[in-house]
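Chain IDs A, B, C and D follow the sequence of writing; residue 1 opens each chain.
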Amino acid sequence: MLEFILMFIIIISAILALIQKDLLKAAILTGFSGGAVAVLFQILLAPDVALTQAVVSAVIIPVFIALAVKKTQREDS
Amino acid sequence: MNELIPLMVIVPLMAALLISAFSKFNKITKIFAFVVAICLPIIPLASNYGLHYFGGYAPIMDNVTNVMFHPAITYSFTFLQQIFIAMVGLLTFLVIFIYLNKYKEVSGPYLFLLFLGTAAVTAMLLTDDIFHMFVFFEILALAQVGIVAASSIDYSYEMALKYMILGSIGSPIMLLGIGFLLALTGSVNVTDIAAAVHNGLVNVTSPVFLMSLALIFFGWLYASGLPPFHTIKSGIYSKAEPHGAALLQSFTVISMISIVLIMFRIYSSLPIFEVLIVFFSILAMVLGVSLALTQTDFRRMIGFLAVGELGFIGLGIGLGTQFAITAGLFQALNEIMITALLFIGFGAIVNATNEVDTRKLGGLLAYHPKVGIMLLIGGMAMAGVPPLSGFQSKLMLVQASLSCGFPELSILAIMVSIATFVVFIKTFYAMFLRPKPNDLEVEGKEVPRSMIFAMGVLLIIIILLGLFPDAVTSGISNFVGGIL
Amino acid sequence: MAYVQLVVLFTSAALIIIGLYAAIFVDNIIKKIIGISFIEEGANLFIVAIGYRPGGVVPILMPGMDTSWFAANAAYPLPFGLVLTSIVIGASTLAVMLALVMVLYRRYGTLSTKVMLADTSKQEEYNE
Amino acid sequence: MKLYDQIFDVVKQFKKLFSPGPVTNADVSGSITAEIFLIVSLVISTLLLRHVNVLLAGLVAFILAIVLISNIPLIPKFKIEQEDSLEKMLFYAIVTLAILVTFLYWGGNLV
């Protein structure tokens, strides 16, 4: 059951990130999707990969994107 | 000594890290980079042929099925690897020599990128492990982007970003293909996968196997710059510094042949594999040369010519016989040198005139006769004029396609050679022979000695290989006989 | 094939298709890069799903485990090792792309791909 | 006379290809060479289809030759499609990927 919920979280947050007008929200939604993938890795018996993915994809990548957005512009015109 | 095999990758990698860490000591960095660059072509020539297992895990024999398994990342070093690694090492040495002579203050990150790229292509050639190859393929892409972005030419950042975005589509797709292979065979070692395919453990007609071919093939198209990636490849050549472009095209050629040899060992039982390679090679030749004919920026023109020449390599490998593959690999070796010569030579002209548009140039033969003559010979070698090395490999390719029963391909190859010749002579006329335009200033600007030295070295190798092709082709032919 | 694997494979396919869609149809460069990172994520997910074994255990040999039982029940660890490398490479690629975008934004003042990464010959008119 | 007029128009259209900047005769003759090279090489490469079916190869070559010759100048159209804007390159890359996957998955065993 958990994997179905995770699947919906991943796909819907990925789609929402791409249709968002505010780029900062898009960055946060990317983190959501990455974090859900990390949990999915844990279900797939790969705890080491899940740890790396949780750090990289749920924290580092959104922070990078948020920094880039801060240095450029926030609205998607 | 077999211990030298891993050193071929480790030496440039360590040099790259050390140089970027200690780049504030200008003098020491210069000397160190020079010494390492000299070592690069010498190590492969001094090393013995053989295999190297990382971590010392020797292959395990399964007594039930009589199949060997390779638990370690394996490096295999034969004549083919030796000659190509020595050639890239020589080219890296020449490029670093030019770079060190050109700038008083060396930039650590730039040298880091050059050495990193060399280490990556060396590992790609040596490795027998498909995922290891993928990792270095990604590192190579990063190094290429860095070399392009570090140049001072206008719009180089844009081109680097375009290359990177296309690359970040191409490489996950290739990773997916590797994943399909892993799912089918449970191994990432190419020898194991090839054994599983040839022993019938894998159903070669299953859609999953075909799908993995499609995905890895797409990654190969990106790596080698065949269509639809020919525009971006020629673009990054034209936006890099000339010596950087000379190295970039050698990276492209070597990643192309290393990936295609791995694909050939796995998929050679599928007839569609050869059809695909020949199809994309023809497309590359036709599009590359016909677009090169219409360019006015001469760096872009050589970029398109380099892509067109890649089609010849693909043609040789796609034909699939021993003679044809030998011809294709020999053509790859020639192309590395000839295109490097052309990039360095035209880069010298850019240095001396600050102009890249052929319409605004002219009459340079009186000012730079040495560069002009060397460029003329290099262009003739590229077009396949006897007795230069390009002629030998193209003749072999034409013979191979005739003996395989494809006379159309022979006609096409000859036509592409003639069109290459036309492109080159047109540009040579416009730049060197036609009267000098009044507003062009060429007085008082010298071509750097190091560039002329590098061109001379490459020219000597081109002429020697043209006169004695057997020195290389017999060894390559033995190697090809081993993988068929 | 366990249904967990099927769900994961569907997810990875969806991520890859979303990424390819974003690469063609989304104009904003940062969103395009986000979309491309989804392709990478989908490929990783696919490879991890290969190593999964239904009803298996985590492939870490704890003290006190029986070795032969462990070999029969543990998941296949090779794909996990590969994905670790691939995640890190993907993150570094993304960082370099975003850095290039930041530099280019200063020159063009917009994030639109049509302007920022147009044909080289047309770029002069957009350049501020 | 009609074909001659058409070729004359081709030369005029090549002038636009090189704008801005002066147009030299070497450039225009290079473009005409490219034009002829493109047509001839594409027609010759379709002859490779004779390994599938001789009749098909003749038919495709004939139709392709007529289409290409009646559509000259091809090179300006070609160049617009091969420019290095990211959108065009991405579009062609993904279309190639789609065709490769579709073709190999369903038709990989037919060759």
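The rule is short, and it goes like this: contacts are C-beta pairs under 8 Å (C-beta built on N, C-alpha and C of every residue); 3 or more make two chains touch, one makes a residue touch a chain.
Fair warning: this is a prediction, and the values are worked out from it, not measured in the lab.
S.K.: Would you identify the chain whose Cα-based centre sits farthest away from the centre of chain A?
M.R.: Centre of mass proxy via C-alpha means gives D as farthest from chain A.
S.K.: Out of B-D and C-D, which chain pair has the most contact pairs?
M.R.: B-D
S.K.: Taking the mean of the CA coordinates per chain, how far is chain B from chain C in Å?
M.R.: It comes to 27 Å between the two C-alpha centres.
S.K.: How many Å are there between the centre of chain A and the centre of chain B, using C-alpha atoms for each centre?
M.R.: Result: the chain centres lie 37 Å from each other.
S.K.: Can you list the residues of chain C that touch 2 or more other chains?
M.R.: Those would be 20, 23, 33, 37, 44, 94, 101, 117, 120.
S.K.: Considering chain D alone, which of its residues make contact with at least two other chains?
M.R.: 83-84, 86, 90, 94, 97
S.K.: Can you tell me which residues of chain A touch two or more of the remaining chains?
M.R.: Within chain A, no residue contacts more than one other chain.
S.K.: Would you please name all pairs of chains that touch?
M.R.: Result of the pairwise touch check is A-C, B-C, B-D, C-D.
S.K.: Write out the stretch or stretches of chain C touching chain A in their complex.
M.R.: 4, 7-8, 10-11, 14-15, 18, 21-22, 26, 28, 30-31, 33-35, 37-38, 41, 44-45, 48-49, 51-53, 56-60, 75, 80, 83-84, 87-88, 91, 94-95, 98, 101-102, 105, 110-112
S.K.: Could you list, by residue number, the parts of chain D that touch chain C in their complex?
M.R.: Answer in residue numbers: 83-87, 90-91, 94, 97.
S.K.: In their complex, what parts of chain D are in touch with chain B?
M.R.: The contact residues of chain D facing chain B are 17-18, 21-22, 24, 26-27, 29-31, 33-34, 37-38, 40-42, 44-45, 47-48, 75, 78-79, 82-84, 86, 89-90, 92-97, 100-101, 103-105, 108-109, 111.
S.K.: Can you tell me which positions in chain A touch chain C when the two form their complex?
M.R.: Of all residues in chain A, those touching chain C are 3-4, 6-7, 10-11, 14-15, 17-18, 23, 26-27, 30, 33-34, 37, 40-41, 43-49, 52-53, 56-57, 60-61, 64-65, 67-69, 71-73, 76-77.
S.K.: Considering the complex alone, what residue numbers of chain C touch chain B?
M.R.: 16, 19-20, 23, 32-33, 36-37, 39-40, 42-44, 46-47, 50, 76, 78-79, 82, 85-86, 89-90, 92-94, 96-97, 100-101, 103-104, 116-117, 120, 123
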